[in-house]
Structures are given as structure tokens and as C-alpha cells.
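Multiple structures are listed underneath, in C-alpha cells.
You will see two complexes here that share chain A, one where it goes with chain B and one where it goes with chain C.
Here is the complex of A and B:
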């Protein structure tokens, strides 16, 4: 009986942890004129298929560590590819040509700081308090609190 | 060897020595020219391969770390180092199950990945250096990095090494040949001078002593050669004087002399021979001896003895009266010759010999001898006829009888008659007539 109760509690905790996952938002440097990005463009950027902003500046990608749940959610939702496949793509692009591969940082704080200090950087983080040096941009014209927002 | 001919430059000792030396040195040099470039290129190749391997290791390490930690910069750095190499041809990254993660190739045709798997760490093919470097991070095998580099650099380097070796080798050959030529000129120069001096000496040209500049064997040879030439000169002069003397002697000697070679052809005759046989030297010299002797009616047994090479001394030869010798045989009598045959063997070869025939006209001598004998005989006959009384004769003081060797007393007339050619005719002297016949004397 006790054992069954324990299982129920653990399952409840797991479900609650997934359900409590926060919304992922796309952030850029506060000086970046971009305010919205299409999910397809975002996919191309993080797949390495687009490396410059429309203004012609090189995109400075920041990514999470491979074991990060945020990254997994982002890849599953936006890139719709596993991290291993995307990584292969990046390696292929690195050995073929001059591109700027993503900088992989271990913590959200470092990622935010990176974006705050790199004008043409872009990253995705869980929606928390953001410093004024970064800004959250809309995805497909939707704010993160929009019910249609993909990265909830 | 014909010393009148100058030695052809290609046949000179200097040339032979140079060629001989080059024949030894050039193969060695060629060996080094051929062998060493390969050795050098091997060293260079190994060095290059080591460099490639280092690059491959660095790239694989960067890839392994980069892939494991997603530090893409590390991947980029390793790859960029590899791709900076101008000989870079391809890079292939395989995962742990040999699936292709990434590939970049500058080759016209992409490399056959299947054939590159299970590749040796390094392999040099005809134009490609292929490397295979596993990617391991914290003892975890992540895959393998395959790299390909063109071997052009090695080929170019090898070509440059070879070209440089050929240039150096050829220069060495030329320099060595020049050096050998100079050295041999220094060493053999005195020998060449001696050879030229010997050639000119053999041509009876003026000979000047060669200066011996060194005290080595060549110097000794030069000095000895000068001494030898000086002695030869002196001996030649003595020989000429001796020859002149013998020529004078042969020209003036009354005996006829004739020399023949071992094929019995007349070599030379002297004046007395020409006079005796009324022939000019040109008509005799070079002709067969047998022909001349037969023409001069020599007895066949004498000719055969001569042709057999027999030696004899003072053999009388009688030549019958001949038209050709009528000046000599003035009274058409037999010409008597004294013939001596001497065989002379050559000092250089026992098989080579010459024969000397000495002929003396002894006709007059024999005639004089015969006359002398005849006179002696006549004298002896006369002497035998003359009985001469000499010495003391014991005679009786009274009866005048003479005692002979046997002690008998002989009448004077009888004794003289017996011991001399005297004959007695008896008569009376006037005193005896007076004494024995006084009557007769008184009437008178």
C-alpha cells in the first residue's frame, strides 16, 4: 500500500514538473532592431542555414548545453530534429565553410549575459526576469503569453 | 711501339688515368645522386607525414572535444588548421558506427568512403597521403577523422632534391675530373716529358737533360733517364767509331768478305770481294748466296757445306777458268781461293744467325810456293851431287897417303876420288920429268 502511494506521489511530481516548465522566449540584444522572428527563420538560424541578419550582420548564436531540457524542447518544437542531427549539421557546415557556430553555454545567466554583451546575438531562454540589455522578441508575431505561442 | 708518332691525347696516360678514375668515381657519385635524393626525400616525406599526422591528431582532438562538449570553436580551429594546408584534399568525419558525420573534399570526385573505412593510420598512395585518426574523448570513442593530402609537395620536394642532387653531382663530376686532370698533369707531366725526350732521342734529335724537380720516384726516374741517355750517347759514339774503324778495315783488307743472313741472302760485301769477283755491291747484296757462288763456278760440295751452315777454315777452293773472271785469271789458269766460313749467332736470338765468308786469292802464293819447292828440290839434287872435302885430313908426310874414317891408308888420288867429284888425269910435272926422265929433259 505504502509502495503504491509512493509511486503515485512520484508520478505526480514528475507530471507537475513537466507541467511547470516555463515558456521559452527568444531574446536578442537590446540594440538589435529585430523585434519578431518567424519560426521557420528561427529554425534556419539554429540549423545553421542562416548566418546573417537581414541587415547583413553575422548572427551570433548562443545555445544551451546538449543535456539541457530547454534545448531539447526548443529543438523538438522549432527545429523538429534531434540535437545529434543538428550537431552533425553544424559540424558539416563548420568543415565546409566559414560560419559562426553557436556558442554553447552552461547556464541561462551566461546565455543572457552573452546576448546582453553581443549586439547581434540571439538565444532562447525560459521566460524569467530579463535585464534591460536584452529584449524578448515575438515568435511568428506572437508574444510568449499568447495561447498560440509555440514554445509554451 | 712507334715512337715517331706522338701519343694521341685520348691514348695518353693522363686521359687513361682520368677516365679510369672517373669510371670509379662517377658510379659512386651517381649512386649518391640516385640514392641520396631518395633517402633525403624519404626523410622529408617522413617529416611531412609526421606533420600531417600531428595536424590530424590536433584536428581529431579538437573534433573529439568539440563534439563531446559542443565547443564548436574547437572543431573549427582543428579543421581550419587542416584546411590551411595547401595540400589538403578531403576531410571526412565518421561517427562511432562509421556513419558519415561530415565531409568536405577538394577532389574532383568525392572519395569513396566505403574504401576509406578500416583505413591504416597513414598510407601514401601515388598522389594522395591518406590519414586516419580516431577521435576519443575521455576514453570514449566518438568516431574517426579521415584526412587526405596531396603528395604534390612531396613530389615537388623530391624533384627539387633530385634536381639539386643532379646539379651538385654533375658539378662534382666536372670538378673531380678537372681535379684529376690537374693532379695527373702534375704527377704524370714529368713522365710525359721523359716520353717526349725518349721519342726525340730515338729520332736522333737533340736531347737536353730533363730537369728533375722532385726527389720522388719520378725524380729518380728522370735522373736515371738522363744518365742512361748520356751513357747511350757515349756508347753510340764508341759504336760509331768502332763501325768506322771496321768499315775502314773491311774496305782496305785484301781478303774478300761476304756476310749472309740466316736465309742465305747476301747482306754485304767489301771492296776486295767486288774486286775479286768483278761485281758491284748492288749486284750482289740482297741476292741469294747460292746464285752468286754457282755463277762463279764454286764447287757444289763447297756450296752445300756453306748452305748447311758449316764452319770451316782455310779451305782451298779451285775455280776453273771463267769468262767472268778473266781479269783475275789472267793466264786462264785455275783461280785458287782460301775460304773460311764463320757462323755468328745473334746476341738477341739464338735462332737468328749470320754467316761470314772470307775469301783470299792464294793463286799467286801457291804458285810461288810451288816454285820454291821446285827450286829446293833442284838444289837438293845439286847438293847431293857435290861432295866437299872439309876438315883435317891425316896425310902421310912421306907417301902422302890419307887415312880414312876406318883407319885405312888410301892413296891420295883414290881418297879424293871417293870423297869428291874430282877426277884425276895423270901426267908429270917438269921437275918430275927431270928427275925421272933426265934424258928427255936434256934433249929438250
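Here is the complex of A and C:
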């Protein structure tokens, strides 16, 4: 009886941990003066429509691999478009020279390292311990632990 | 010309070697290949029409475009160099051309200044024209076929461009103002001998996540001193994009006028493309386009093209395409024809 209960608890824990997604946070380099970003602006950055920070420096974009669940959640919530549509827009902008293709990195560690070493980079990652070389910024003025935060 | 292109390539390679965090360098590009089955067709040249006997099955001209770009501070340089195998797949009759080459200064997203050889931002499709990875089919709408470059249906290149985008809440607005040499009379020097200049503008607005609208205007003049010939072409474009989830309708309507030695002719082109992303990789589409040229400078008086096909993207930079095309002409002696294409375009 005790053994069965233990099994049920373990199975429940495994299932719940796989279904609960981590909060996604927006990170920039620690030297970037930006502390907050509006979701409309973030959408324009990842759609390739905004390529320059307000100070005039080019945005260095880094993204997750296409198969990533984090990427799918981010695109569904912020861009509100399928990746097929967004990618077609990207191809057009690359060919006319308006933007560079984003750097696509396979792991969160590499993405965080990229942002830490590129002053004008921006990325989104799951909320975990961040090194001091990157800065978590608020989204629409909200911290990630705010109940109204979009990327929970 | 070859020396110029070689210098451009070498400059970009050198830039790559000295890049730092403040100087980025990238080389993208695309390559395409295709095979066509062509039905028997009538070719019209000026006011005559002849039936062209040709092979039904043909490989399409191979193209390879290199897109080097570099950014340092607020400056950016970009080039699009197109290599092609000419019209022969048997002999080495290839060629290359500097399709685009410009320097840009970025004041902000709302204000960018570009100078050089620039693809004209008239409408949306004209900005990528025959860049095969950007369209769903093997062939673009017929007005972007290379043969129409000579009949002034679309602005080709400009030399100075001021553009940018800004937003108010969720509404995004973009603008472009451009100017160029236009069609110069062929001379022995590289200096433009056309007294007229080309100029135009575009204004676009993204109303929501689903809808984008744009209007464009363009005027091109040409004065040929030797033959006392004067031409003025004016074009007015409207572009429209509706994108709801995986369904998309894209359309452009471009009426215009040609004034040739004081006589005025109407011309117009229109196309609509509807597509649906069944999933991340498969996109079927239907396209209709219409082209009318009352001046009958070169092509048929009226041409309708209906085409349909499927684009398959096994990975996002690669597209395999199938397209069926039916062309109809409203012109005595010119018969309808149909053709099938299969092709691949790869962005790297």
C-alpha cells in the first residue's frame, strides 16, 4: 500500500514538472541602458521590423532553435504568428539587406553567454539563475513575478 | 565590371578578417534551380506574332546570388551580386552583375539614408523582385519576369533613398522617398545623359497583426536628344496584405500612364496571391495576375496568368516548389499556353 502511494506521488511529480513551463524572461547585456521593453517593441524586434536600439546601435538578435518549446511559447504569446509566417518575413528582409539573420543557438547556456559577450544583444530565456553579465529587463513595466506578466 | 565585382568581394573578405564586436560581417545568399515543361507558345514582338517551336522540356537558367554585408557603428554596406550561367547550359557563357550595392547611414529606425544602386521600394514585391526564396512559386507574378524590365512597368533601381518606420502603439508606419538616374540614353561614358530624373515614394501602415496596407507613386522621364523623343511614365501602386493565422492574401494593384511624344497610353498590372500554411513545411497557393499595356511597346496587349502550386520547406532555408501556369492573351493571333515548373531555392 505504502509502495503504491509512493509510486503515485512520484508519477504525479514527474508529470507535473514536465507540464509546468518556466517563466520566460527577457535579457540584455549588463551594459545596455535598456531596463524595460514594451511587448509591441519586442514583437517588432523579433519580427525583424526594428533593428536599431533608440541610441542608434544595431540590435544583435539571438534566438532558440525552431524545435524549441520556449521559442514556440514566445512566438505564440508575443508575435502572435506562426513561425512559418514569421520566417517568410525574415527571408524577405535578409534578401533586401534590412537585417542580419538572428544567431540561432541550441542551449540556454550558449544564449546567455552570447548576450553576456555582445553589448547590444537581446534574447529570451527561462527564468533561472543569471550571471551578472546579463540583465533581466521588465516587460511592459512588469517584473516576471507579477501576476499580469505575459510570459509566465 | 568583373573587376568592380571582384573588388567588392575582396573588400568584404578583408572586412571579415578585421571584424570585432563593433564591426559585424555576414555573407548570405541564395541559389535556385528549375525544370520547366512548356506548351507550344506564340511570341509577340512589337506588332507581329509568331509561333515559337521549342523544346517542351528545359532546365532553367541557373542563378547564384551572393549577399555580403557589413556593419560598423551607424554605417552598413550591402551588395547583391548575381551570377548566372547565361542562356547556355552547354558552354561557359556565364555572366554576373552588381544587382544591388549600397551604403547606409542609420540615424534611427525612423530615419535611414541609403545611397548606391538600390532596389526601388515601390510596392512590396518589387523590393525583392525575382529573389526566388521570397516567393512561393518558381516564377513570380509576370510583371517581375525579367523581360518586362524594358517596358517600364516597374521602377527598377534608384540611387538615393530616405526611409524608416515608426509606431504609435500597435500601429506601425513606414515610409520611403527615393530618387534615381532612371533610364539614360546609352552613351560612351558612364555619365547619365538623361536630363530627367526618376523619383517616387511609398507609405505603408501595419494596422494590426493581420493587416498591412501601402501606397506608392513613381515618375520616370526620359529625353532622348538625338531622336527628339520624350517619354514620361507614371505609376501608382496599392499593396495589401491580410494574414490570419496560417491563411494569407497578398495583392498589389498598379495602374499607370505612359506619355510618349505627347500621346498618352494606359497601362496596369494587378496580382493576388492566396496561400495557406497547412503546417510548418507545406504551403499550397493560387495566384492570378493581370497585365495590360496599351502602348504595346513589346509585350502582348493584355495578359492574364493563373497559376497554382505547392511550396514545401523541409528546412526553413530550403524550398522545393511545383507550379502550374496558364497564360491567356487578349490579342489577335496570340494563343493561350500553359506550362509546369518544378524548382528549388536555397537560402544560405
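To be clear about the criterion, the second predicted complex is superposed on the first by the 133 of 152 C-alpha atoms of A that agree within 3 Å, B and C clash if a C-alpha of one lies under 4 Å from a C-alpha of the other, contacts with A are read in each partner's own complex, and residues count from 1 in each chain.
The rule is simple: a contact is a pair of C-beta atoms (placed from the backbone, for glycine too) under 8 Å apart; a residue touches a chain by one contact, two chains touch by 3 or more.
Keep in mind it's a predicted model, so treat the numbers as computed, not measured.
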Check chain A with both chain B and chain C modelled on it and let me know: fit or clash. clash
Could you look at A:95 and tell me whether it touches chain B, chain C, both or neither (first, second, both, neither)? both
On the A-aligned overlay, A:51 touches which partner chain: chain B = first, chain C = second, or both, or neither? second
Of chain B and chain C, which one contacts the greater number of residues in chain A? C
For A:66, using the defined touch cut-off, is the partner it touches chain B, chain C, both, or neither? Pick first, second, both or neither. both
Superposing the two structures on chain A, identify the stretch of chain B from 8-16, 116-124, 260-268 or 422-430 that clashes with chain C. 116-124
Residues on chain A in contact with chain B in one complex and with chain C in the other? 66, 87-88, 91-92, 94-96, 101
Which residues of chain A touch chain B once you look at their complex with the stated criterion? 63, 65-66, 87-88, 90-92, 94-96, 101-104
Would you mind writing out the residues of chain B in touch with chain A in their complex? 63, 66-67, 69-73, 75-76, 79, 83, 91, 93, 101-104
Taking the complex as given, what residues does chain A use to touch chain C? 40-41, 44, 49-52, 54, 56, 58, 60, 66, 80-85, 87-88, 91-92, 94-97, 100-101, 117-119
Touching residues on chain C, where the partner in the complex is chain A: 21, 24, 26, 28, 30, 67, 69, 71, 74, 76, 78, 80, 100, 102, 106-109, 119, 127-128, 131, 133-134, 165, 167, 169-170, 172, 209, 243, 245-246, 248, 277, 279-281, 283, 313, 316-317, 347
